[in-house]
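Below: a set of structures, written as structure tokens.
Look for subunit A in each of the two complexes below; its partner is subunit B in the first and subunit C in the second.
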Partner chain A sequence: MRNSLIALLIFAALAAAPPVIGGYWTGQLTGYLVYGLLAISLSLVWGYGGILCFGQAMFFGIGGYIMAVITKGMVLPDITSSYLGLIAAMAGAALFALALGYFLFAGRGISGAYLAIITLAIALVLERLMNNWYGLGGYNGLLNVPPIKLTFFGASFELWDRVPTFYAILIVVAVIFFGTTALLNSAYGLRLTACRTHPDRLASLGYSVLNIRLSVFSLSAAIAGLAGALFVTLDGFASPTLIGFTLSTEALIWVAIGGKEMLLAAFLGAILTRTAESWLSEIFGDYWILILGIAFMISVVLLPKGLLATPLEKLTEGKRR
Partner chain B sequence: MSELLPVFLDVTSYVLILVLVALGLMIVFGMMGVINMAHGELFMIGAFVMVAAQGAGLPFLAGLVLAPLVVGFLGLLIETALIRHIYHRPLDTILATWGLSIALKQLIVLSFGPESQSVTLPLDGTLTLGAFSYPLYRLVLMAVSAVLIGGTFWLFIRTDFGLMARAVIARPTTAATLGIDTRRMYRWSFVIGTALAGLAGALVAPIISVDPQMGLGYLVPGFLSILVGGAGALAGVLVGGAVVGGVGNLLAVWISPVAALITVYILAILIIRLKPEGILGGRRAK
Partner chain C sequence: MSFLELKSLTKNFGGLCAVDGFSLDIAKGSVNALVGPNGCGKSTLFNLITGTIRPDSGEVLFAGVNITGRPPHEIARLGIGRKFQVPAIFDELTVRENLIVASRKQNDRTAQADILAQIHLEDQADTLAGELAHGQKQWLEIGLLLAQAPALILLDEPTAGMTAPETRATAELIHRINRDRGLTVLVIEHDMGFIEHLACPVHVMSKGKILKSGNFSEIRNDADVKALYFGTAEETVDA
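Let's turn to the complex of A and B:
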């Protein structure tokens, strides 16, 4: 359980961050936490589920659009509850993933490189679709998405300020992170590993490989959908870039650099890459993207487990001995 | 009929270029199982070699010779420095070449700027036959592409190199046992694939908008063509390219280009899902 000790330390450090880093960076970090949630979802489906999805942002975007449509009152003007929006965003993304997953994995199914290319093509299709869906704002997207409104027993509180927003999102991310970790440590996690490494043997033991794949695909989509829903409330708008190809591949880079087979490493990969990006892109200007591309290449070739996962694993193993 | 003919010719020229791009991808994918996500960027660099050559006052033909040489050499470097180390991890090649594509794209942005460049047409005449007229360069482009595609098929089907290459594709270990240097075959196939992309880029540079982002617009249709046609036989690329490029461009005449693109991607995804071995059949991906 060293692993969760380190995770607890990291979340404690994040919780202590706002007074130290000031208002502007707290706002930035809130966004990075949401990206971290997207990274967690990708790590779950790719690193643990063995499904290389090149379009993870489609679930993020679907969640974001559903949240925007509901909280703006575009569906039912009287019901604009943030809770309903979050639940619908997760459910919508999960249902889409379920249908897509059934199409992709049932029967002979497709996997590996074919799956990567097909999910890439689907993300491109969805991005084009949203760019031209004028009912949902088209290219400009949906503006003026309200912030999250928390209501407990009649009292309500809107998350406008940076610091309360940060803590609300940190709590959500922590719950999802530790929940997913617990799930992966359970028998389900074991089945997932078996499904990734030896699907034929798992099938011969009487498990349905299809059901396991569908469950992890949908679960990861629900998490990505939640991340998307949180994201639109931060920036106040939902645009086609949320659903598309660029964000999908960025998420892949964070997770690959961090370490896809370790939730914590993937999460930190997103946060650290984004932080580095906002610092270093000022110093290096346009060279930053070049550096990122090269760093990504090197980390894939030399450290297939990820730049952060390798030292993190050392840390946990070193203490065990 | 005289209205449909130019449309048909436009579609054919797009399909031929797409096939040329996809052929390079296919050689690399079919032989080594390597998904080269940077292939679109190599195509784009071919076009920029042409831009640079014209900027330096060189004739069009010189650009056409330089582009495959420069891009082929780049391919040699990429194979030596990157691909060689990850042959045994096919899925990681997707990620590594994706990193490469980001780096190459940004390198071009840094040296040429993000805006689109123009390349002057080497032949600005039009061919007129009665009521029908068509830009001469596009006809030349089609002829050259067709010859190049034919030449690549000839190389892989009729020559000793091609025989060895196909042996390596079909049975890598047996081929190696029989004394074929598979490492060398991989390297030169990769170089041929990249050089083809560079040449294709230089060829189309005068008739499309040349900008650092142009690669993706050919990479994804290129991959879909391979998978639709079937990754087993080289001829699959012809079928796949005709379906993906042809249907999309023909539809764009009647419905909006965006709707056409969405339709053709969905059609391709359906075909790949229902018939993973492709229209022509053959082997599934490793």
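Let's turn to the complex of A and C:
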């Protein structure tokens, strides 16, 4: 409840931002919201599900490519619905996660550093695959991905302008954020925590640990796939960089800096890190990476719960008393 | 009629035979204790019953159903609950949330309140389980089993690390749940004082097999059991 209040305030502040920050930054912030969605997906699977996925961008990239091929009419020339693209992107990423997850978690299961290394390797393989898949643009990727086309009751509206696009994306992100929060506050959330902390105990109470892990892995992949699908409509192209190593590790850094065990902190971690990157890279150039690295080390060594989660938790505890 | 039937279970780890042709019948509604020195295969036996590991040979029959080699969650759903040796609870959840997770089928608040009273944790319902004292953790784990509502519970050293009064209270609790809920109970234990309080059939396990079965006084006065626990008579005299 207290967390939700703070989250509501933050989403209200985001909604009020465009007139204040102007057109250019509104455009930038829209992209950061999408990265924030990717961070939410990673926080769900890593912070709550206890599955350290080092290749979260693979789901982002799969979602992005599916959205691109559908809305460009490469699958069926007559069916280029944005809605269908978004749904297919989520479903495709979730199904891929389901299949991959089955191999990772069935039997004794793989966990910890091994899981991280394997997921990283798969992300690298997919990146190479997309680099060489000429039907999907190869190294250059797919260009001219159309913007999202909203259709209701026969009327349709294309999201070309920055401000309407910002609000459309903000609404999607808010729905996913509060939906995921509600899910985590339900009995399912308790089971996830139980599964993360003591899977053997949970199994001996009659729960299938495999099913719980598959469910959270796929759900997280669906959210990442949605983020990827939204992302390609903003920039207008889908390229192999969406799927691979760099974005995967960047997402891990946002989530670690923000706080992996708190959706809101992970979400803000992505937005603030990206914002800081825009500002600081102008001032310091490439040395910005050094600052990011130091922030990452501080969060890992001194504040393992995250730079943002720690003060946010203080704030919510203060309200409780 | 036997409720849990173990038929010549065998499990080897490398060259070590942890459980060696072990057979035991347990009647419905009974309380049984399994004692034996460290490394005699007691915990391995529990792992074989609950499906955590597969036996090399032999069978486990539960209520007439062959459950050998089934995955742990399926065996748990059939009605076997297990208390681990080290308290296995969900540290990051509160006591109440632990019970909610354990009551998989229905989230019944009155039943949970009832369990909280039985395990003496009413005042700690909203405390994080990780912050409980050791003995309270052991009780919470028994509470998880009650919420799971199985027909058979396996308790692996339920009084490890408990004070003498806590140990007595635990023996009473086990008797109460056996009587009131009709649960069949199989306990592994080191603490002879606790076994005496339980006043139930005792099976002594040594080197993966049953050495002796009987009631507490028979077992305590048995020469073979004494030798197992205290060394042979000559050695005792020397010491």
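Heads up, the rule we're going with is that the second predicted complex is superposed on the first by the 321 of 321 C-alpha atoms of A that agree within 3 Å, B and C clash if a C-alpha of one lies under 4 Å from a C-alpha of the other, contacts with A are read in each partner's own complex, and residues count from 1 in each chain.
To be clear about the criterion, contacts are C-beta pairs under 8 Å (C-beta built on N, C-alpha and C of every residue); 3 or more make two chains touch, one makes a residue touch a chain.
What you are looking at is a predicted structure, and each value in this text was computed from that prediction instead of being measured.
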Fit or clash between subunit C and subunit B when superposed on subunit A: fit
First (subunit B), second (subunit C), both or neither touched by A:Tyr114: first
Which of subunit B and subunit C A:Asn132 touches, first, second, both or neither: first
First, second, both or neither for A:Ile21, with subunit B first and subunit C second: neither
Per-residue contact with subunit A, leading partner among subunit C and subunit B: B
Touched partner set for A:Leu9, first subunit B, second subunit C, both or neither: neither
Contacts of A:Ala182 with subunit B and subunit C, given as first, second, both or neither: neither
Partner chain(s) touched by A:Val209 [first = subunit B, second = subunit C, both, neither]: second
First, second, both or neither for A:Leu143, with subunit B first and subunit C second: neither
Minimum distance between Cα atoms of subunit B and subunit C in the superposition (Å): 12
Residues on subunit A lying within both footprints (that of subunit B and that of subunit C): none
Residue numbers on subunit A that touch subunit C, as the complex places them: 187, 190-191, 193-194, 196-198, 200-209
Touching residues on subunit C, where the partner in the complex is subunit A: 50, 52, 71-73, 76-77, 81-82, 84, 88-93, 97, 100-102, 104, 107, 144, 148
In the complex with subunit B, residue positions of subunit A that touch it: 52, 103-104, 108, 110, 112-114, 116-118, 120-122, 124-125, 128-129, 131-132, 245, 249, 252-253, 256, 286-287, 289-290, 292-297, 300-301, 304
Contacting residues of subunit B [partner subunit A, same complex]: 29, 33, 35, 82, 85-86, 89-92, 94-96, 98-107, 109-110, 216, 220, 223-224, 227, 256, 258, 261-262, 265-266, 268-269, 272-273, 276, 285-286
